[in-house]
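So the structure is just underneath, and the comments pick up after that.
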């Protein structure tokens, strides 16, 4: 079930076709996953979303590809987005995540959520040394 | 303001003192930040929390130290824990995070939250290829 | 699957029947959706919840009906409530939401989540001009 | 700072005055805390919110008063509502919460958040035995 | 306190200056609020974020300006982003939000969160009629 | 669907077998639910998680068993963890939760989320009397 129908022949629209072709080339696969197929109902939304994902996730940059996926999954877990957890865990494996790394990642994600609760529950005042300007004066 | 008083002389309790000493040694600093000082109201809670943080965050492992901090911050941002965002951003800088990496990290954290909203709003069905067992059959 | 059984003949209870009848009249449909059928296990909870929904969502007021649905969906997406996203997206369409409006709504919901992450990650101090009392002095 | 001014003389409005008087009587105190003072900008919103809080939190019922406060705080922590964490932790203490209970409560709130992350990260399928109807067939 | 210093003379960078000038022109004010000033540490992040905000929030479109602000605030409240709640509530007032609309908006945002909890707590199965394809067959 | 395969014969690993045996003894049942079976992919993660759950949830302590389950469910609902809501609602029933208590619990969980939204939307300043140190001076 979903809140929109999957468009039947999305690639009849040349803007959609161009994005799908770019996804296929960038990822070196024929497969277009459901998020992109659903976003095809609005070509502008599809284009903008894909450009941002491609720019940040599929381009060499200052963080290594696996770290970027782990950050992405961490946010997705915390937001309880099942689709995103599935798609980016798959991507992390494709980028070399081992079982030991996965277990450690899960432990850290769990620990962070736990200490988030403690700090919020106690309303711990932020230490002055954590102020970004503090060390500079 | 906080929901508990900071204990006045927490290290009068030997269990608290042992944890604080371990924090000082592990982090090579005299400074004990407020979260630990507040948790000192219950030595068992303090011990358990510190042991878990030390084991996962301050011990060489399968993920590099900066990646672990970034995952921690990603969860903390998404849970809106100001204290944790402050303390772990400070830690990430201490572990070498550059401005360019920080900017890229922020961009990915923002993008993930954005696509989480899209996938949840559309209730996109999970692709069969993302099922962990799928590739094995 | 659910955490409670759907009651078999909920309308045998006159309080449940009265609420269901009011839902049918207010919405001009015979269909009672699953949330109301499940809440029927406790007539008081059912009555209170329906009264609040009816009062706010089905009564002419200071905000137009589509705006109210969009606000409702925005909260439901952010809380990752699949059921509520489904039911209120259906309602928004019934109240005239076009595909172009849906795409724009999705873009704003995504943008808000993204900038929420940026502001929380940076712990941006609130500008004095945003204080509600500021403009008055 | 806040997004609305605190009304200067809210009790000039008889509807506000009636609610404030009921708060004073119900809680046996002269003090009206800021949430109620701010809600006074709209008497209907103030009345409805107070009635619901009074009915559920200040009336003898099927759950004991401290349990109700702990449930309230658990939700408030998870939603990162600092104001609510403060006000209901104060209320829990007034209802007898000991330091040992507070520490245990914090531990459970942290553990729940941690295992929430694990279950969501793994997308664990719900066991058939947890279906509410399962035991009945 | 914040996790980055506000850059001292951000407009010495021509890319930052161009964005700030565009903000001033678009909003018809000399004031640049803190979020933009902090993002100036990375001109690319600043440019991308502002372009997206300008395109969606400051350009005539399929949804009216106040509705867009209300959707933005609804997400920001649910994500507990104090900065965003402040800045967009200010913006909503500038776009004509009345006190009566504000009160009604607050009531709906509260109601949505409440029914989100009920639907998630009961794990209510989604009605087949809410499937976007259902009505078309 | 899930992001990991259920291990086929997890109890071939003696560390997994020891945990599963302890679960069976502690809970007096032969049934091992899916969360534990999935965590078996990493024995250390399984051991640590189970030890924490056993220590907090299955050991007599300062809070009664049903209160602990309700707190657990409250966090799980707010984090939208369907699996956890299912498993702990089942546990709460096993510990004696009545229908009337369930309905009241749901009402409080909903009310808390609603007032969280109100307090965050208004950015209500925390009253000085809620500061934990306030009453002591």
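A few points about this structure:
We call the chains A, B, C, D, E and F, going by the order they appear; numbering starts again at 1 in every chain.
Just so it is clear, a contact is a pair of C-beta atoms (placed from the backbone, for glycine too) under 8 Å apart; a residue touches a chain by one contact, two chains touch by 3 or more.
All figures in this text were calculated on a predicted structure; none of them were measured in a lab.
With contact taken as defined at the outset, subunit D and subunit F are each touched by A, B, C, E. Among the remaining chains, those touching subunit C and also subunit F are A, B, D, E.
Centroid to centroid, with C-alpha atoms defining each point, subunit A and subunit F lie 27 Å apart.
Inter-chain spacing, taken between the CA centroids of subunit C and subunit D, is 20 Å. In terms of their C-alpha centroids, the spacing between subunit A and subunit D amounts to 33 Å. Multi-chain contact residues, meaning those touching two or more other chains, occur in subunit B at positions 1-4, 49, 75, 77-82, 85-86, 89-90, 100, 106-107, 109-111, 113-118, 120-123, 126, 130-132. The residues of subunit A lying in touch with subunit F in their complex are 80, 85-86, 89-90, 99-100, 102-103, 106-107, 110, 117. Across the complex, subunit C meets subunit D through its residues 1-5, 126, 128, 130-133, 136.
Interface residues of subunit F facing subunit D in the complex, by the touch rule stated above, are 1-4, 31, 33-35, 38-39, 49, 52-53, 56-57, 61-63, 66-68, 70-72, 74-79, 81-84, 86-87, 89-90, 98, 100-101, 104-105, 107-109, 111-116, 118-127, 129-132. If you check the complex, the residues on subunit D that touch subunit A are 73, 77-78, 80, 82, 85-86, 89, 106, 109-111, 113-118, 120-123.
Against subunit B, the residues of subunit E that register as touching in their complex are 1, 3-4, 41-42, 44-45, 48-49, 75, 79-81.
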